[in-house]
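Both of the next two complexes hold chain A, though its partner changes from chain B to chain C.
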Partner chain A sequence: MTIFLQSLISGILIGGVYALIGIGLTIIFGVMRVINFAHGDLLMVGMYGTFYLFTLFNIDPFISIVITMPLMFLYGGFLQKVFINRILGALPQNQILLTIGMGLIMSNGIMLAFTSDYKILSTDYSSSSFDILGISISTPLLISFAITAGITVVLYWFLLKTDTGQAIRATAQDREAAQLMGINVKRMSIIAFGLGASLAGTAGALISPTYYIFPQVGSTFTLKAFVITVLGGMGSIVGATLGGILIGVAESIGGVYFGSGWKEVVVFVLFLLVLLFKPSGLMGKSNT
Partner chain B sequence: MFGKIQATALALILALPMAAQAAKVKIGFVNSITGPEAPIGENLTNGVTLALEDLKKKGIDVELVKEDDTGKPEKSMAAFEKMATRDRVAGIVGPYSSKCANAIAKLAEKYKTPLLIPVASKEEITRQNLKWTFRLSATTYDYATILLDMATSLGKPRTIAIINENTDFGTSGAKSAKDYAGKKGIRVVAEEAYAPGSPDYRSTLTKIKSKKPDLVFMVSYVADAILLMRQSREIGITPQAFLGAGAGFATVSFAKEKAISSNVFSSTQWTGDVNWPGAKEFNRRYIAKFGKEPTYHAATAYESMMIMAETAAKAGGNQEKIRSALKSGKWNGIMGEVKFADYEGYTNQNKHQMLVEQIQNGVHQTVYPPKYVSKKPVYPFPGWR
Partner chain C sequence: MKPLFKNTTGIGALPAITGLLVVVLLFLFPRFVENTYALHIMILIFISIVMGSSWNLLGGYTGQYSVGHCAYFGMGAYTTMMLMQFRQIPPWLGIWCGMVAALVVALIIGSICFRLRGPYFVLASIAVAEILRVSALNLKNITNGAEGILTTEIPPLKIGGALITDFSSKVPFYYAGLVFVLLVILVTWLLQNSKLGYYFQAIREDQDAAHSLGISLTFYKNVALSLSAVLTSLAGSLYAVYVGFIDPSTVLALDLSVQIVLICIIGGIGTIFGPVIGALVLVPLSEALRSNMIGESLINSGIVKADSAFGSFLTENLSHAHVLIYGVLVVVVILFMPDGVLGFAKALAARKRKEVV
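Let's turn to the complex of A and B:
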């Protein structure tokens, strides 16, 4: 029982961070219908930012989010304005090539600048934990989960209640109609990609105290983000949140009951089952 | 026609001085320069760089053909084919990881190009009766046996938990540990193979903790080594000893994480303070040149390149001659005595003496076998600080 609860809780905690990565990707897809293959690399850039803010300026990774978030937003907005806006009308494969290319430039640029060495961000609480009924809960993971939850709530509020948020959702629903209603869709795209990038960067910042950092770290998370997004329904934020936690729990429990080598199998079987019975994903609407 | 004659004449003129020196050789080097194994690959590259300097001093001018396999077997194979057919190298050194080395070992046979594997240690690589593939390092079996030999000489462990990465090196290391533990009368209470790169091993480790093993044996590359130890500390696993099978546990970046690396044992092919000829000097030069300590990977790559280039130079680039010279030759350098022998089902396998080091205060210290000890081992594990 302890083992089950332990894996459930670890899964939920790590799933929170997955959700954050998935939400970023899903917003970008929802608004622009562009699949961002550089998503994991944006996360990696966030990790490096956090790492150097910590080692050079001694800013705690969880506090440095207030710097990383806006910076990543600007970076994402810049990428959108300069590169992605140009190919919005292009063939999907060309869009994919562009985002893959951007990802490669980011990871190899970082490798050139900081070498391929693994960087470990060690805070004094990096491996600290506390016990509840024999279940050990990692302090940094718990903090990052709390921050993720907070960010998600603010994001919902932003998308549901503010004018800009509604404009973004309108663009996601029907780009042309939104444009006819006088919404500046190019600007919405910039905001959406900025948001996506800053969420990916934040996720990077949140896991860097417990994970390791190297230039190619992004690819693992790009794949995960896809699974989460498709599982939850492309473009659905609630779906991505659910999908993230579901994947986290499936990995964790699969790892215990089927062996660590099998946990990917558990995740992908689950993924296939969802797609089989609900092809548009958990929260997805029918194809548009 | 005239052009052809001219070209032949030109080729002759160019070739003549080279033939006179007889010391210019073309050697291929496959390595993981980028990709997830790049941090270890860098050590191999640096080792080869030092080897080229020393070869130059000996009057052997090596034309190095470098290829990056990014840690993927198929890229390794493509690189091997390119070097064997297009570049026509005399011999090839590399690649780093077991999965890549295993993939290209058979190609060496096909293209009749001698391959010297510096450090990839999956046992099967030299167990396929391949005549053109040589291996300098000890095998994964030795990674496991030396650690268990040490543990049984220091204490009385009864149970062992095995955690390994589900790659060639990891699986092969885990299998050897299981076999040898059986021979030593140590019961295997848990076996966990994991897919590398996951941020969360807590559930697996909790399961292992509940089995209360005396020894925890891990086979992992760099980053996962740190992560596994960090999460072991979090979960509070306290065996008699943590045993790491080289790779990630032998790196400087692991040792530097004092909170989690202290008192962890690691089997290794080489240490900077071992008394093999030139080892200490190599260690010193490496630090001076690259600003960090070399791992055993660097030493194996250095020695492999030295052996391959010297042999190739002596044989004038003739591959059949290189092969028989490697087979019959004997060397004594920074990796101790080297001889490629056939024994216990192995072919062209160097019977290399493994060492055990323990991280004490952020530094790797050689603690076993007694002949090579630089510091006394701390056993059993004193608990987490």
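Let's turn to the complex of A and C:
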């Protein structure tokens, strides 16, 4: 029972970060209807940013998100303006391929610049943990979960209460109607991709004390982000939040009971099952 | 009087003769060129054409974008290698088993994933390929896991006591590759002019319309996938036996699936020669980067000094980033020539013709 609780708790903690990755992807999909295959690579860029901020300027990874977030927002906005806005009307497969290409450029560009060596960002609390009722909780994971929760709350507030947030949601609901209502959809797209990129980058910053950092780290997270968004229902932010936590838990419990090598299979099988039996996702509207 | 030989194919005499000439020249190629590096590049091009063309049957003609085609490549590669290495079954028999294995996987994947459409199908195809990769990584007692399989010896091919080849040079692989290329091109060509091919294209253009005309979507999508998977496994088997080493991160990786799609996209999808063009563009380019030819030639020609910071950067790093060129190419192609190089060239030619008239 302790083992179960232990893996449940660590699953929820890591699930918070997954949720952040998933929310970013789902916002991008909701507004642009483009599946961003470069999402994990954005996260990887965030990881490298955090790593160098830490090694060069000695800025703590959890504090450095104050710098990473706006930078990644600008970077995402730039990508949207230069590349993705051009192909919004193109075939979905071409959009997918474009983002795959962007991802390849990012991961290989980083590899050229910083080699493919694994980097480890070790802070003095990287491997520290504390016990509650016999369950040990990793300090960096707990901190990152708290930050994730904070960011998610702010994000919900932004999307629900501010004018820009409502414009973004309107664009996601119906692009043309939004345009007729005088919303600048191109600008909303840029903001949406910027938001998605900055969430991915922040997730990268948050996990950098506990993960290896290398140029190809992105692809695992891209796949996880897909699983999370499909699980929650494409475009649903609440769904992505729940999906992230669910995947974190499934991975953690699957790893304990099937062996850590198989935990990814558990996730993908879950993914296929959801695709087959409820393709609109757990929180998605049913197909009409 | 009826003509004795009726040309129903719609192929002109000139292209037919040119095609025949190219094939003959390709068959004679190893007789004149003994440079092993040239042969190596040719074999790589052949493998790329085979995997690109096979994908083209599903992605180009039927419109089902599978980004998990490494699954079939890997099935071919693994089956052939495991049979050869652990059961002493020669590769020319193993290849058939590889095809059967790929077919079985394709039927399973097809029956699950073809219930999904568009982006969902893309994601499902990736998920299935990843499950296979992780399985190959974890089933250590069958696949050797992350260590991969290394060939120690390929048994010599004998027919009726006469030694055909002992696989000591690259020439037999060259001919095997060439035969496979001709096979997939023939299959594509036959398909393009057949009823089956029209069914495929109808599904690509409009699934619902095709369905309302009585074309069974699931059945024909599965036919396309099976055909495509079996041919892809050929490329995988040839690659495995030729290179002599496979592991999950080379033959079952997402990168490989992307590469397969890119060969088609860059050349032009849904055309017979698109994948050929794609392979001819991509393979030499990525080989030039991998072997650092570009960096060296920049230094040798005096543009970049070898001892400068940029020079040493080139020599050290450029070879690691041959995948970068795939990224740059795909972005350029999607943004500026969405119909691929072949489509772009055709459009250019059409514009020229208009100007002349």
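Here is the rule we go by: the second predicted complex is superposed on the first by the 278 of 288 C-alpha atoms of A that agree within 3 Å, B and C clash if a C-alpha of one lies under 4 Å from a C-alpha of the other, contacts with A are read in each partner's own complex, and residues count from 1 in each chain.
FYI, a contact is a pair of C-beta atoms (placed from the backbone, for glycine too) under 8 Å apart; a residue touches a chain by one contact, two chains touch by 3 or more.
Nothing here was measured: the structure is a model prediction, and the numbers come from that model.
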Chain B and chain C placed together on chain A: clash or fit? clash
**Message:** Contact-wise, after the overlay, does A:Met111 reach chain B, chain C, both or neither (first, second, both, neither)?
**Reply:** both
Classify the contacts of A:Gly261 with the two partner chains as first (chain B alone), second (chain C alone), both, or neither. both
Using the superposition on chain A described above, determine whether A:Ile100 touches chain B (first), chain C (second), both, or neither.
second
**OP:** Using the touch definition from the top, say if A:Leu276 reaches chain B (first), chain C (second), both or neither.
**Re:** second
Just chain B (first), just chain C (second), both, or neither: which does A:Ile3 touch?
-> first
Next item on the list: For A:Ile207, select first, second, both or neither according to whether it touches chain B, chain C, the two together, or no partner.
Entry: first
Partner chain in contact with A:Ser136 - chain B first, chain C second, else both or neither = first
Figure out whether A:Ser122 sits in contact with chain B (first) or chain C (second), or with both, or with neither. first
- State whether A:Thr68 touches chain B only (first), chain C only (second), both chains, or neither. neither
Superposing both complexes on chain A puts chain B into chain C at one of 79-87, 295-303 or 367-375, namely 79-87
Dual-contact residues of chain A, meaning touching chain B and chain C, are 108, 111, 115-116, 259, 261, 264
Chain C partner, complex, touching residues on chain A are 35, 83, 86-87, 90-94, 96-98, 100-105, 108-109, 111-112, 115-116, 219, 223, 226-227, 230, 259, 261-262, 264-265, 268-269, 271-272, 275-276, 279
The residues of chain B that touch chain A in their complex are 34-36, 38-39, 42, 166, 192-195, 197-204, 206-207, 210, 222-223, 226-227, 230-231, 233-236, 253, 257, 259-260
Chain C contacts chain A in the complex at 59, 65, 67, 112, 115-116, 118-120, 122-124, 126-128, 130-131, 134-135, 137-138, 254, 258, 261-262, 265, 317-318, 320-321, 323-324, 326-331, 334-335, 338
Residue positions on chain A within touch of chain B in the complex are 2-3, 6-7, 10-11, 14, 17, 108, 111, 115-118, 120, 122, 126-129, 136, 138, 207, 210-212, 214, 216, 220, 248, 251-253, 255-256, 259-261, 263-264
